[in-house]
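Order of writing sets the chain letters: A, B, C, D and E. Residues in each chain are counted from 1.
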């Protein structure tokens, strides 16, 4: 097992290692701010995976949207609400174990189910589909409808966020985070 | 058809008219009766199903298919004669009970629907519909813990109905191309023994609960007791005939394959129920409870007789359905009259009313005798035929069933004795009102008339019964 | 194609495993963390696991649909995060807490 | 498609009016929009066989994104109709602002997408388009803690289920190499024919199913629904119970019966077990509820279980059964929720006691209550029976045991549906302040009553347009 | 034949008349019209009788009304017939019925339910006529139950008294037990003969179409019916209680007519009983034990009507002894004479009670001879007749039976003679205590004492004459050759060869037996005379009695036994079941619902409001779905 893992390309190994480590850090650290930072790191490594997989456009988008916008938004809210290690609720050990067992079970199940499933996948790697040019072409032809839709989705989300964020008195107050998210 | 829609329309009108409700209901009920009379005058027992009316309804498979044959005719007569009487019996309730009258007459429509249905799903629909008015009658005008009781009643019967629905749908799925719910098609379906068992069990459950046959009677005594008089009348007089009718018309021809399996159980349960209920009735103090258990006892016999699937039993069953309907309505009516005057119907608080109203004493006596199956009353011929059937089915069962004539006399006379005879315990008895006169004398006339001429009913149903039995036996033949 | 490309040297099942692991880690976080915002972050992690898988499939199969799906997932995730954070802020205003363990008044 | 466009653009117009705080106008516009969308849908439905309903939009909308066929149009009509009923009954008394109207319209659009998707991306976007406004709607009573809590719960669990759903999509994508429904269908049926059991596809289907089961609130993914239904404002609850449910089932139907119908033996039993458990759980849990609203929430769980039976049935049988059932459930649920809303008044106490004395208060309202409850319980001559009959008859040959469970569930359901009668009619201590019901409300109540009775007495009316 | 219907319907019309409008008419009119309706029947019955004497056999008259039932193998007409047996019964019923109607006009004078009484009486006569005139078993059953009903109504005539009501119910229910037997018999007949018509059934039996077992079963079933109606062991206890009714009722129903229906049934079915020796043996022994037991009980009863009631039971037992040995004509003979003298005795006792102002206890009477001479003499005749005073009707009929029995079963004969002896003893006891000695009642009663009016005495006199000469109907061959055994010859078409195998004792034996009977009579007379006249002793109070006397006075505690064994047990069974019913069957739903409710609570607990629990459940659900689908 170990040998097969070590036989993998080192780039993949390294990135995977960093990703998993960061992910674990995210879920185990009791300070939310550190969690956010670890998550951003995880996203960076995932973006690196994207590059590895020839999906350059997504790698960039991932960095900008996820690591950049969304995570900053999270961080912002955390700061705004002043949530830190002290305010973090304490969870019982038993619950941790239960959750770990459950998650582990799911992992084992999935892994066992998908063992050797790579044969079922048609392999036809193409290097250039992940480029902005190619992807954009498809996006604005075949995927025009969903693209427009996602715009409307944003509109809806924005309206919703404003609706929830504004004061009861209908006083038009600026809600920065909702504005930020909808750019 | 007219029989279904006139009462239902009358019910809807009556529900919103307040003061005139009772008259409109009565009118609707009687018009329906007049239509039935017309059908009856032109009815030819030998001509099979008549006045068929067949239109696609739910879909091309489910039709609104009504028709009258001999068996239906008897029960239709019962329904359309009793419903006006029941309406009359409630005539003392005036303006604020508009809904009551509407519900009764609506019930009449639904019951007519049950008895004329020639389509499986239509039968089911009216079967359920008939449940609703009586649910509200018992719930709204009942007494005691009425909500719980009526709910129990509803759920009991609803479980049965659902089982029936499942069986009907299953049969439907077995018809060629799943194309039709019509009676003839469903009858023609051949099932293997295993299927037949389950389908039969489903149908039987519905009917056994409604009848009710012994282990399924849990809802019955309390419901009869706590429902208002009209509710009890509808329930025992007509509604439980639905169960028997279903047993006869639907269960036996549809799954004759399962009949040999179930027959001993129905007969056994019926007869144990007879004795069981009669013994309990002996110890009751509440008059309605006595009648409730007596009803249980009587229908057990009818169910047993019908289940034997012989001409005598079936004919006797039909006759006894008719008679029991009349008698039960009469008994509940009498009890209601007593209760209204004394605010109690408990035997230990009553007595000596015979001296206060001779006419009522006579009416009540005749009704009691009818229920006791004394010759020259309508209860006798049916019971004779049924007992004969059970006796020829199995002698020991027959004798056990026969004990009913003793026990029935015991509790019925006990009830009459304690309520009407003896010294008055401060009971009062105002003279009968006109509508009570009409209702009581109508019932008494029916009791005596059909005590003398039961053959009139038999003649209506005989050809239909023969046909039905041929249907059952044919399928049996194919199976064996 | 570059023979050193990951497509030739690495079986896709490893990406499946990797994203499964990430997914389950996120799931573990969802189950254990009680801070609503961290919970949301864990869900984002799960979504990223999905994204990774999509991109892997897409690239291995040479089909752009998967990558486009990822694009839309990101869009939706952003919208969801916006609304979600708005909700969390709203409830924080009312309860001064983001502990999901405390949100158990509706039950039974 | 035209209708979708109308609603999307209309929503923006409504929002624009919202800026000027002219609620009445925005409401009116919404109504007009809905009617326009409805008529366009009806026109589509009538002509779906003879022309391409996309019309001039054809060149902009590729085949592989949306397919408007008879089924999806029919579902969409029901969806819009349901929304119309909800709006008609709940807008006037609840002061729905333009923002909420806009969100609801977006949500309805999402629902229509779910009904007509032909690509998993569209399904995903439809679900989100439906859900994101809903998260907000659930929390739209901002000062109410229950509303807040339900929003948080709905949101967190919804997002979580989305993740699971997406994982399923990914597996399915990996297994079949496509996100288009038709290709997926082709690929899966080909694999079945070859006798191979692809675990990737299979796990994908299971996860996908889990995600969808969450949306329709089926066991064991239903836990959100009682709490969320309970805590949300009434208008949102009824919206979820009707519009969302219709959309979710439309999507479920298309995904599983049209897309994955050929591999039913893969997922059929699982779904059937889930359906049976849902029916039992929903019905049993509803019995002890003291809150009428919570009871309805559990009952809606149970109804979801019934409707799942349609997915298991043969495609066309299932479709009609599902459609009738959805109409039945919608028309009765809307009326019942309306009564609940009006009887509870301003406070958020939804106990059965609110109904005390309703019988004496109004005959018509009593009639509506009775008919609606009967319809939910599946008593003949109401639409509920027609729906149940359709479901039962479509399931009986393939899953008879499920039918029996459904029957038991129906019997149990009587116990809680009829409990309200005890309060409304049988209880003596009834003093209810007179409800003032506007003309429009009466019209919509009458509409829903008519639908319930008409479909109940003559279900063929629905199949007429066939 | 229309006449038969008129006979049948005349009392029915009388019933409807008195029942419906009798209330509004003066007593006299009601009473006379009802009586006349019976008289019409009587006169027409005479005509029928006349008509039958011309023919030589077979059911001469038959009339079919309408089809009552026609189902499957059951086809029953509402049909009546009159053969020689029937005509005798008809005469007895209408004749005595008419006399008793007359009697009642006076006896019931002033009663509030006067019209009702006559209505019931007429209804009774109607039913009794149906019973005897029916041409099939079902008609018989109709009448059978009908008379039971009338008996119920009349016993409980004074319905304010709860005890009377109880007695009435007891009578009806006991009868119904018998009826069940009869019904079973009917079913057996239907299933074996496919018909209920007498002619068909008897023809089938004669042709040997029935197995012996079947015939025996039918006969025993019929006899159970007869037990109920004719008050034989074990169903006799209702008859003494039935004395609660007005005395004319006791006379008509519980002495002369209804209780003899059982005898009629057996005679009617003689063809069947002849084929079932086992059943005959049963009848013989039951009749014998009833006869003796009832006589023993009669010894110590103090209620004048009770004594007569037990005497009736005892005499009926005697009739059944006759039937048991196949002496059908003898039984019929005794039936008729018994009808005469027992009706006489009852009416006489009624006259006494009437005179005493309702007092029935003989200890309170005494010396009535001087106050009520007509009653005294007629009662004397009755007593002599029943005790077997030579040349009185009872002597001949009893002797006929005893003689027949003697040839067949000497032991039975001996026991029957003992029974006759006891009969003599208690009858003389009643007679002497009532009419001889000095008056022991209260002063007011003494003031009230008077002879009854003519409407009462005339029927008494007529019946006394009949009791005297009734023996002429069937004189033994010893006395005359020309008219000997008239009754036997008259009945021969009905009885057929059933009588032929009876061995009559030789004349010398018969003389000897007669002498013995006379000596028994004399012994009884002397014993009682010695006790109640010479020692002028009065029957002791209940408390003083010991030993056998106590048992006799308490009717051998049979009522108590029945009460314990049947009534109490069924009541406690009923109570138990009642509890079980509300517990188990009504509770069944409760258990299920509480079970569901419990589950509901459980589910509510699961729904604890915590998001992460919900998420955990969901994940577990997913895992299960995956595991089950993929790995299993």
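Convention: contacts are C-beta pairs under 8 Å (C-beta built on N, C-alpha and C of every residue); 3 or more make two chains touch, one makes a residue touch a chain.
A quick note: this is a predicted structure, and the numbers were derived from the prediction, not measured.
Visitor: What's the chain with its C-alpha centre farthest out from chain A?
Guide: E
Visitor: When all chain pairs are ranked by how many C-beta pairs they have in contact, which pair ranks first?
Guide: A-C
Visitor: Which chain's centre, taken as the mean of its Cα atoms, is farthest from the centre of chain C?
Guide: E
Visitor: At what distance in angstrom does the C-alpha mean of chain E lie from that of chain D?
Guide: 78
Visitor: Can you check how far apart chain C and chain D are, centre to centre, with Cα atoms defining each centre and the answer in Å?
Guide: The separation of the two C-alpha centroids amounts to 27 Å.
Visitor: Taking each chain's centre as the mean position of its Cα atoms, how many Å separate chain B from chain E?
Guide: Roughly 37 Å, centre to centre.
Visitor: Measuring from the mean C-alpha position of chain C to the mean C-alpha position of chain E, what distance in angstrom results?
Guide: For chain C versus chain E, the centre distance works out to 98 Å.
Visitor: Residues of chain B that contact two or more other chains, please.
Guide: Expected reply: 155.
Visitor: Which positions in chain E are in touch with at least two other chains?
Guide: Those would be 604, 607, 609, 611-612, 615-616, 619-620, 622, 626, 630.
Visitor: If you look at chain D, which of its residues touch at least two other chains?
Guide: 121, 125, 128, 132, 135-136, 139, 142-143, 151-153, 156, 160, 171, 174, 177, 199, 202-203, 226-227, 289, 415 - these are the residues of chain D that touch more than one other chain.
Visitor: Which chains touch, pair by pair?
Guide: Here the touching pairs of chains are A-C, A-D, A-E, B-D, B-E, C-D, C-E, D-E.
Visitor: Note which residues of chain D are touching chain A in the complex, please.
Guide: Going through chain D, the ones touching chain A are 8, 12, 15, 60-62, 64-66, 99-100, 102-103, 106-107, 109, 113, 119, 121-122, 125, 128-129, 132-133, 135-136, 139-140, 142-143, 151, 171, 174-175, 177, 198-203.
Visitor: Please name which positions on chain B make contact with chain E in the complex.
Guide: Interface residues on the chain B side: 152, 155-156, 215, 217-219, 221-222, 276, 279-284, 310-312, 315-316, 352, 354-355, 358, 362, 369, 374-376, 380-381, 384-385, 387-388, 391-392, 398-399, 402-403, 405-407, 409-410, 413-414, 417, 420-423, 452-455, 458, 462.
Visitor: Could you pull out which chain C residues touch chain E in their complex?
Guide: Those residues of chain C that touch chain E are 27, 30-32, 34, 100-101, 103-108.
Visitor: Quick check on the complex: what are the chain D residues that touch chain C?
Guide: Per the touch definition, chain D meets chain C at residues 120-121, 124-125, 128, 132, 135-136, 139, 142-143, 145-146, 148-153, 155-156, 159-160, 162-163, 166-167, 169-171, 173-174, 177-180, 226-228, 230-231, 289, 294.
Visitor: Provide the residue numbers of chain A that touch chain D in the complex, in ascending order.
Guide: The contact residues of chain A facing chain D are 110, 113-115, 117, 120-122, 141-146, 149-150, 152-153, 155-157, 159-164, 168.
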